[in-house]
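In the two complexes that follow, chain A is the common piece, with chain B as its partner first and chain C second.
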Partner chain A sequence: MTTLRNLWAVPTARFALVVLAAVALLALFGEALAPHDPLRQYTDRVLEGPSADHLLGTDYVGRDVLSRLMTGTRLSVVGAAEAVLIGGALGIPTGLASAWLGPRLEWLTLRVSDTLVILPFTVFAIAVAGTLGNGLQQAMFAIGVLISPIFFRVTRAVALGLRRQQYVEAAELMGASQWWTLRKHIWSKVLPNVAVTAAQATGAALLVVASLSFLGLGVSPPAPTWGGMLASDLDYLAQQPWAPVYPGLLMMATVGSLNLLADAVREATGDAPRRRRKRRSPSASPSAGPSAAAPVNARKENADA
Partner chain B sequence: MSLAVAPETEPEVAAAPPVPAPDAAATPRRRRAVPLLRSLVSTLVITVTVLLLASVVTFALGAVSDSNPAAAALGETATQADIDRLDAEFGLDRPLVVQYLSWVGHAVQGDLGRSWFTTIPVTDSIKQALPVDLSIAALALLLAILVGGSAGIGAALSNGGFFDRLVTLVCSVLATLPPFVIGMALIVVFSVKLQVLPSGGYVPIEQDPLEWLRFAILPSLALSLDVAASIARQLRTSMVASLRENYAVGAEMRGYGRSRVLFGHVLRNAAGPTLAVIGLAIPLIVGGAVITEKLFGLPGVAQLALQSAERGDVPVVLGTLLTTAVVVVLASLVVNVLQTALNPVARREGAHR
Partner chain C sequence: MTRARTSPPRLNLPNPRQSRRGFLGLGLAAGIVLSLEACGGASTADSGSGGTKTIKWAWQLPTTWDPVTSSAGSDVQMLALAYDPLTALDEQGNAVPWLAESWAYDEAGTSVTFTLRPGLTFSDGKPIDAAAVAASIERGRTQDGSLIAPQMATIKKVSASSDLEVLVELSEVDYQYPLLFAGKTGMVVNPAAFEKDAAALATQPAGSGPFTVTSYVQNDHASMKKNPRFHLADEIKVENFDLYPQQDPSTAVASVRSGQFNVGRLGGAQVQQAKDAGLDVQVIDTMYISVLDVNATMAPFDDPAVVEAMKFGIDREKVREVAFFGLGDVNYQPFPPGYVGYNAELEDLYAYDPEKARQLLADAGYTAPVKGTFTSSGQSDPAVELIQAQLKEIGIELEIESIPPTQHTQLVYLEHSKALTYDGFAGRESPVQAFQVLFGAEGLMNPGRKTSPELEAQLEKVKKTPTDSPDYPALLQEATKIAVTSFPNVFLQLMPSAIARKGVSELPDLPSLRRFEGVTA
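Then we have the complex of A and B:
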């Protein structure tokens, strides 16, 4: 709750939250709010510019662009969210586990993550479509698998750093079970990092989903998505050079807001204790002796808050 | 020349590794003696492992697929007898492990099997298509380094000034757009409005380099801007930090010119993290090449993979995925070596990874 209030105080974060709330509303109610049926073809009004009854004009078969944008929000956003969920579900547990596994297994998990990092999204998604069939679920699975190393690395880095903190070692020495340490000490520190990563990954996934629908992978054509709309606009650039602007702007706003939010969350949760630590350590280290005490205290407070 | 410094700096690090390296305790003396060789061997082991894992992932995709050569070639009319006959012909009735070993064994020798649909060797099809992607990707990488590098250096020099803010703004906007939208914008500006460059088509580079450039410049530019933005951002950050370091201030105080300090001292240290960014961007460029290829109608690997994917032609699809993985691994290896040559610190980190 405190985090959310801190976030609201940052102007960019407030802007991002408003935009994201609007996108979420569109995803939920866009279909109901759309002025026209997104699949209805007004065949006598093909490739028209903005007018009173088609606020953003019509596309190459006379479908209302505004309605398609509003209805397409759900598939675009839900697709990206699904991919991020799959990525998180694969990456976070393995990231935590790799900090505790023996060196051999740890090495292997690192190499698996290396391997997934080098596979390009589009080629892998094409391969998945070619072998497992072309559909939204397969495409999201492909993106999710390739996104998982991001979560894996972030989780692992935080967990590795925390494992050597004195309060975690102390808890383990006092007989706390690994599970308890994980839940009590590690998870609360991993979570903000995971939140930042998830926000960025959702933005990246939105772009990849759009690219895939541009290639004809994932969502099948008549159903509207942002990427699909951009793809169909391509053939009519000579007649309607401004058409890609609408889905492009919507996508920019969404991805940009996610990035802004990620930055704001990082600042609200990550930088605050570091700043506090810097201010304290000069006075604390000469008197208290062990120089490690100050940062540990700062982190402890943050974990309790 | 940085190689000569390594033996002196190495022992301190080996004595107190920042990360608990599992095998550090077992062989501390050997590492001290041959740090370079060791990091070379570990890079090699990692590369081979990654390639093996990539081949396993690729093969697994084919193994869980329910398409078979009979369905690909004969369609609905295939009988059970046809399926069995073609499965036997392509060796699909053998155990999976045997299939995998023979697939990898042949792949190492450059044979990725035959298409189920046309029975053309997969390697031949890829050989025809790959140069298109490689030349586009290489040109894109070059453009990205040139554009991103100069933007990053300029932004760092005008730290906080107008140019700096402009670069930051452009980078943030570019990061929120899928690469094909940038490509579409370029088509609108250069092909539709100005009509100076073709919006699609391709001429092989060995046929006519100038004509090739005319066709390749828009796809490469579309592909490069995204990466150029990351390069500019990283270079700016690390250069601003390095410019404040004591050695940079000191060099300037000792009377070296600004450009000498910048290019001789600061850029060299700032290049390491930037190279890492480039390494991470290689899969993006190769994957993005697929999209620009479709956007500009180039006859590359993506068209091959997409057509094969539509027909359920598994060997071709797997072949393209594996080839792409190998290309990315090799390119990353080059970046890694460059990074090591440039920066002794990276070399030490590499040994601990």
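Then we have the complex of A and C:
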């Protein structure tokens, strides 16, 4: 709750949360709230500008643009979330394990992570889609695998810093099991860093999902996605030069909000708020716990990598 | 407290932060100006305007520069820049002289003698005599991996009966060869080149066409210069021809307007834009027709009722109007009006009738929507989406599957693994050849490989009838009727070629090949 209160105290976080809540609302209820069937073709009203019937106009086969934007939110956002979940599921446990379970596993996971880092997102996703079939699940699996090293490195960096903390060593000397130590002492410190990473990774994944749909991968037409709409709009710039702005704005707002939220989470859980609070009230006692050290270590590990 | 200046402001060096900001600001301003300029502002670098004597066309690059191994029908357009065929086609699709000034069949129709024009030479100066032509044809029909060999299956022997006479002996009567030799099959390749290194022809064409390739970067561009030894060299008014792959439709107009190219291919959506931009727009009739390749061995199209319903359930006129902005004409057969194989009886054969389509499905016992997959390799996404929606209205629910264009040949033509595919047929020089591609046992666009004995018997009659016989048109048109009514292919509409020109004169209006005789730049 303290973290949430700290988060809400940051103005940019409030803005980001409002935007993301709206996007989440669209993802959940966009199709139901859409004024028209997003697939219905009004072929006598092709490429029309905004009107009372179609607030954002119609596309190249006469479909309502607003309805497609609202409906397309789900596939665009869910795809990104799916990739981040896969990335987290692969990266976080291996990150913890590499810091905890000995040098052989550490060597192996680091080499795998290094290998994945050098693969370009879009090209790898295209290759996977070409091999496993052109579907959203295949593309998201590919993106999730490539995102996992980010989670791996952040988790590992934090865990490495905590591994050497006296209270962790004390718990181990007193006979605490590895699982207990991880659960009680490590996970609560890793979580804020994972949250920051997840927010940033979601933004990146959202752009990759949009890029893939732009290239015609992932989601088959006529299902609407932001990237797919952007791609098709580009063919009709002479008729509707404003059309790419709509999906572009939605993408920009969502990715921007995720990045703002990531910054705010870092601020709410890391050094920054304490520094600010310190400036505001010099008498406040500084926190010297591992949660303060962890992000610093995380950054150092990342810099080393 | 205010800080006193110690030197005149104009001489004061800005601090690094200000300098960076200023630089960024200047950079941004310069970027905006350059972007706006590139986005279609009046171009001052008018390299594409008159007098350059260079045609720069973002048209298409061939799959190979060897006509024997070319795997795309549309390659013939580009190959004709470097090679000459024995014959050519006129506007009605009749064979007319090109390298061969005349030809004559014997009485039985089992051999044909082509007489070459005198004094012909390849671009390297070697003579084009009957021996060279015979060697070129012989290579085409015997080389391993030749993709034109099946079209010459009835040739028994090719020989030079004199310096200028090529004798083609046939195993059966076949009057289609003068037509067939107007395309890739008849393109004469320099024997000196293929006897030395046939594989090199893929990147270094060796012919006698209007241009010779001076540099070729695969998937990037081909630079050509005028071939002074071309037999109509006096009519070639440009010195250079730079060929590029087709550009993205959204950039077509801007690229011609800016002078990057001086000829560009347009989609229907760009025609008005090109006119508004002051470019010369030319719409040329072609033999190209959009078509749905139907694999009648795969569900749900293994049921003739579903295929028949589909033919009636597509509103082709609406597709033409919406997807192609009114370009082209609805057509239900593989030949355009005016062509000898065009059958006027089929003019409204599958006119849009959704009620009839629904009834066909109901009569066949379908009470629930018919499910299937509709494959698209990106040739026209709007058309695919329109057709999908129209078929859904009659009870055929298709899921669109997108495949990369590069996999189209493999998946559709070779593996026959797709049930329904949006495709296009570029036409062939010989109508019998066209039937073989579309409906033959080995036809690329006959994914189900189903054949019709009735059609084959009719085509035998066509082949055995001289093309100048009064019976020929009726026999061919009957073959068209049999094919269209008994095969599952769904013909949609004729697709003209729309081009934007800047500083380039009008192109000859031939439906089969783009020619450049008399074209100035």
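Here is the rule we go by: the second predicted complex is superposed on the first by the 271 of 305 C-alpha atoms of A that agree within 3 Å, B and C clash if a C-alpha of one lies under 4 Å from a C-alpha of the other, contacts with A are read in each partner's own complex, and residues count from 1 in each chain.
The definition used in the following text is that a residue touches a chain if its C-beta (ideal position, glycine included) is under 8 Å from a C-beta of that chain, and two chains touch if they have at least 3 such contacts.
Note that this is a predicted model, so its numbers are computed, not measured.
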{"item": "Which superposed partner A:39 touches (first chain B, second chain C, both, neither)", "value": "second"}
{"item": "Per-residue contact with chain A, leading partner among chain C and chain B", "value": "B"}
{"item": "First (chain B), second (chain C), both or neither touched by A:62", "value": "second"}
{"item": "Partner chain(s) touched by A:216 [first = chain B, second = chain C, both, neither]", "value": "both"}
{"item": "Which superposed partner A:251 touches (first chain B, second chain C, both, neither)", "value": "first"}
{"item": "Which superposed partner A:232 touches (first chain B, second chain C, both, neither)", "value": "second"}
{"item": "Partner chain in contact with A:79 - chain B first, chain C second, else both or neither", "value": "neither"}
{"item": "Partner chain(s) touched by A:91 [first = chain B, second = chain C, both, neither]", "value": "neither"}
{"item": "Chain B versus chain C as contact partner of A:203, first or second or both or neither", "value": "first"}
{"item": "Contacts of A:30 with chain B and chain C, given as first, second, both or neither", "value": "neither"}
{"item": "Overlap of the chain B and chain C footprints on chain A, listed as residue numbers", "value": "130, 134, 216, 234, 237-238"}
{"item": "Complex contact set, residues of chain B against chain A", "value": "19, 22-23, 46, 49-50, 53-54, 57-58, 61-62, 64-65, 67, 172-173, 175-181, 184-185, 187-188, 192-193, 199, 280, 282-284, 286-288, 290-291, 294-295, 301-302, 305-306, 308-310, 312-314, 317-318, 320-321, 324-325, 328-329, 332, 353"}
{"item": "Residue ranges of chain A in contact with chain B within the complex", "value": "103-104, 106-107, 110-112, 114-124, 126-132, 134, 160, 203, 207-208, 210-211, 214-216, 227, 230, 233-234, 237-238, 241, 244, 248, 251-252, 255-256, 259"}
{"item": "Residues of chain A touching chain C in the complex", "value": "39, 41, 43, 46, 60-62, 130, 134, 216-217, 220-222, 232, 234-239"}
{"item": "Contact footprint of chain A on chain C as seen in their complex", "value": "248-250, 253, 267, 269-270, 272-273, 276, 318, 321-323, 376, 378, 381-382, 384-386, 388-389, 399-404, 407"}
